[in-house]
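Please find the structures below.
Look at the two complexes coming up: subunit A is in both, with subunit B in one and subunit C in the other.
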Partner chain A sequence: MTTRAASRVTRTAAAPRGASWIEALAVHVVFVLVAVFFLVPFLWLFTAAFDANAEAYIRFPAQPTLNNFVRIFTEHDFGRALANSVFVAGATMLLDVVAVALAGYSLSRLEWRFKSWITYAVLLLQTMPLSATMVPIYGLARALGLRNSYLGLILIHAAIELPFLIWLMKGFFDNVPRYLEEAAWLDGRSKLRALAEVVLPVARNGIGVVAGLSFLAAWAEVLMMIILIDTQDLKTVPLAFYEALRTRGGYTEVQYGIVAAMGVLYAVPVMAIFLATRRMMVRGLIATSRGL
Partner chain B sequence: MVARNSTYLVGVTPAALLLALFFVGPALWALYSSLTNLALVGIDAANPRFVGLDNYARLFADPDFWTVIRNSVVFVVGSAVIGQFVLGLALALLIDHAEHRGWWLGALAYGAVLLAWVNPALIAGFLWVAMYDFFFGSLNHVFLSSLGFGPVDWIGSFPMPAVILANIWRGTAFTMIIFLGALKTIPPDIYEAARIDGANAWRRFWDHTLPSLRPIAALALLSITMSTFGTFIVIQALTNGGPGIATEVIALYAFHTAFKSFSIGYGSAIAVVMLALNFAFAVVYLNWSRARA
Partner chain C sequence: MSRVEYADVSKRFPTQDRAAVDRLTLDVADGEFLVLLGPSGCGKTTALRMLAGLEHPDRGDILIDGASVIRLEPKDRDVALVFQSYALYPHMSVRDNIQYPLRVRQLSAAERGRKVERVAELLGIVNLLPRRPAQLSGGEQQRVALARAIVREPRVFLMDEPLSNLDAKLRTHTRTELKALQQQLGVTTIFVTHDQAEAMTMSDRIAVLERASRWRVARAHRRLAPRRAARGRRRRRPQGRAAA
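Presenting the complex of A and B:
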């Protein structure tokens, strides 16, 4: 929706004559059906979380309550999971911003005959599915003592999104004119200081996208959490949620209210950050797919 | 020039180390351990032996493996090629059209599709567990019963369509966004000229809109094929590959082999097959996208 207003202006000339009411009705019915299909599953999440006797099906709570949210903290140690997740995602974000700023800038400015090979390799890595390498990553993490450790979680989550983020950030740096940093070098600043003080402020939108995406990815990711963590101390939000719903088929019944309350706290930050920054995110995404 | 480049090469180092450790390393390790009988527990865990191509021979002789490959193909074709691609394209065209008409309801559909995409995969999987549940799921307990129908065993009777639907729900936004972006780059004067030539809306669509989307469509298709091929969490949360191995795709198969039967060497052979297939797709993808640039 980024260029909505603009496209309306530029295209009014090309806009076809008035629509028939049948067309208007048909299009609107389709939109309503699409919205219903995509929103109904969420309806369950947001009603069950506030329902003291939540069930698997959608129903509006007779007496809305915050009790489920209180219980996940008092009975299910969700506070620890939240703290762990915020810490891991925050540290991942910091590491990614530094590594991506350095690598993206360097790749943007490098003049070397193997440069196209490096970019090609980065893009190739970007397409590698995590689910293919999870078994080897498990073996590697075990051998290096990176299982059940914050360091392991942070390093691996920083690595997962790295190829995509480097590529994205390189694009932002490509658009920063070189005379800016060259002027800074003449002032006697080092390469690193010129990058930090002159180039980064110009490319701050890119850094914002990198920070947002790396935080969100580490917050939401669950596959690596499952294979790397098996102690309660390091339990993160997705693991707490996973645990709560895995009682399905076990001896205890799933407490849907608890699962939903955890689900809300797990999903809402992701949705909120993404929707608040969606213009930038969507632009970044389109740029990636277009300019490869 | 050389000095300047060496600074830049230093700048790439931290990222390169992380990528070497967690991308290249695991891929090479998979290649190596697929040639051994490495196990998670027992005597083979401590002293793995080199077994040559035994793991691959065993894999290709395993009827389950071919079921899993077939499941993966059905899943990718159903949820990516048919579902996400067609639905994403149709939605992009409709939303773009509605924007020209000044109809705001397109924004609601756009937001709803986007919301399903940005929420974590694990949530997506569980939301559909709650939809499909036989006794208390929304589909049976609310939807079908209010229409006077009896319950349907969605996951038991239609396991693959059920996971495909859930994955379409989750993944359609990507193609929709890509196509919406591409539609905005079509210069409006093309349509103006066509209309002056007397082309009706249908002709303009077939002759101008679709051809200008073709290059981006090829890339979007390859891209969602690769990401759908690696789908793990949604299916694991929803069916865990069941009932039986009806929805066991290759990523789940690698996981179950390694962590349920504890054979890392055999599991690595599956990972290598996955990586090889993905690599083939990726090379085609990168060459096509380079041809465009």
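Presenting the complex of A and C:
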């Protein structure tokens, strides 16, 4: 169902029935240009990472080498940064999934006072620029002893994405027919277990999207990392980048090969996750409740 | 096995200006097969949902075995409902759908298997057990929904047009099976249908709801309620005028 619909859409976009070949060509040219525009930085990343003397422009390495990768682990302690990033993003994801499942369900299904006010207040939070809240977050984290701690990083990253993800998940829950959980209640299940055994599995594409987006957001976030972490032990990948760019006292002598090798290792897990979950993500983002 | 009483029950949905159920008083004897008949929109589904605990009445009381249930959660009422919209769990196989209520009651796998096979046979859906609901026709889904309700022995069966999507032959057959099963189990049953023949052949009594308005429902009630259908299952007593 989904596949057929998708291919139909593609066909219409690329070559609408009865359209001239010029139109089709134009569409393809635009697609290719857009694709190239977005792919060029990756091309640089992958060529520079294997180049012993990488520069800030694209060139194919004269002698391909893995030396950059060896050096980031031996000289820059990149292993620890990766482990920290994986841990923080993974824990953020778990926390977000649990919180979003409960909050989204509540906004979608339960009746309580001021619900619509709070629903919009949640959305309002999302419109706040993060940099505007940077100083209070810093102060609060310091007062609570949450600087330089995993807990602080996880809580704050989870909170940053929460409003948007709650709204997203509310939409998924809204698409789950009420009678499904009603059937589970009548079969003897409590509301919480009906949520876990019926509603969540039916809305699993939404959970997949929430998990993916919260992991990616925590994985790629920089600002909070910079203001919250200043010890080597807790250094995450973005901070490792930052350090690598600053080596030898300034920004003038950037070791592009090192940065590119880190970049490759930073991007690859994300791509792997995306490829592994792409069906869920695509289905979820299209937000179709068909073909469950 | 239980007696069900609606005592002066009313329900109006906030978005509607007319009550969906207006002062319904109805007494269903233990083990009785009561058919609810009435035009579309007259509040039949709403009446069943209030007994199941899915809607809260604005006024009046609902009792099972003399005890008020309106404060009980749906899970604690021990009532099985066949939804008009089937409400099959889309992520489970037909087998898992049917045995879900048994799993909730923590029956052993062997016992679950035995019961599922038996109802599946009764309803002619054995070959569908491994499939997903999305791979079934409307009539097949409806039989699975029925199977999920009758696989256990609740205090009350509520069936909201459970045969509406079956072809004539299958419908006649299922009617007979269902009625025989109900008599054998002796479970109090409230059965909604638009089909008068169905109402006549299956019921111990028929309650006719007309457009929810006070006196008409009361009239239907007056005609029906005084005759306590004591052990109605021994003798079918179809009565009442079906609203054309």
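Convention: the second predicted complex is superposed on the first by the 221 of 292 C-alpha atoms of A that agree within 3 Å, B and C clash if a C-alpha of one lies under 4 Å from a C-alpha of the other, contacts with A are read in each partner's own complex, and residues count from 1 in each chain.
Operating definition for what follows: a residue touches a chain if its C-beta (ideal position, glycine included) is under 8 Å from a C-beta of that chain, and two chains touch if they have at least 3 such contacts.
Please read all numbers here as calculations on a predicted model, not as lab measurements.
Asker: Name the chain, either subunit B or subunit C, that contacts more residues of subunit A.
Answerer: Here the partner covering more residues of subunit A is B.
Asker: Just to be sure I read the superposition right, which of the two partners does A:Pro201 touch: subunit B = first, subunit C = second, or both, or neither?
Answerer: In the superposed model, A:Pro201 contacts subunit C only, not subunit B.
Asker: Based on the superposed arrangement, let me know which partner A:Leu186 touches: subunit B (first), subunit C (second), both, or neither?
Answerer: Only subunit C; A:Leu186 stays clear of subunit B.
Asker: Mind working out whether A:Leu130 is in touch with subunit B, subunit C, both or neither, as first, second, both or neither?
Answerer: Only subunit B; A:Leu130 stays clear of subunit C.
Asker: After lining up the shared chain so the two structures overlap, which partner does A:Val98 touch, if you call subunit B first and subunit C second: first, second, both or neither?
Answerer: Once the two structures are laid over each other on A, A:Val98 reaches subunit B alone.
Asker: For A:Ala220, is the partner it touches subunit B (first), subunit C (second), both, or none of the two (neither)?
Answerer: Only subunit B is touched by A:Ala220; subunit C is not.
Asker: Taking the superposition on A as described, I'd like to know which of subunit B and subunit C A:Arg278 touches: first, second, both or neither.
Answerer: first
Asker: Taking the superposition on A as described, I'd like to know which of subunit B and subunit C A:Phe42 touches: first, second, both or neither.
Answerer: first
Asker: Which holds for A:Pro177: it touches subunit B only (first), subunit C only (second), both, or neither?
Answerer: So A:Pro177 only meets subunit C here.
Asker: Touching subunit B in one complex and subunit C in the other: list those residues of subunit A.
Answerer: Subunit A residues touching both partners: 191, 291-292.
Asker: Would you tell me which residues of subunit C are touching subunit A in their complex?
Answerer: Where subunit C meets subunit A, its residues are 52-54, 73-75, 77-81, 83, 85, 87-91, 100-101, 104-105, 134, 148.
Asker: Which of the residues in subunit B come into contact with subunit A in the complex?
Answerer: 1, 4-5, 7-12, 14-16, 18-19, 21-27, 29-30, 33, 38, 91, 94, 97-103, 105-116, 118-124, 126-131, 133, 135-138, 140-142, 169, 174, 177-178, 181-182, 184, 188-189, 191-192, 195, 201, 216, 219-220, 223, 226-227, 229-233, 237, 251, 254-255, 258-259, 264, 267-268, 270-271, 274-275, 278-279, 281-283, 285-286, 289-290, 292-293
Asker: Hey, which residues of subunit A end up touching subunit C in the complex?
Answerer: So the residues of subunit A in touch with subunit C come to 177, 179-180, 182-191, 198, 201-202, 204, 291-292.
Asker: For the complex, which residues does subunit A have touching subunit B?
Answerer: Going by the criterion above, the answer is residues 1, 3-4, 7-8, 10-11, 13-16, 19, 24, 27-28, 30-32, 34-35, 37-42, 44-45, 48, 55-59, 98-100, 102-103, 105-107, 109-112, 118, 120, 122-125, 127-140, 155-156, 158-160, 162-163, 166, 191, 220, 222-223, 227, 238, 241-242, 245, 248, 256, 259, 263, 266-267, 270-271, 274-275, 278, 282, 285-286, 289-292.
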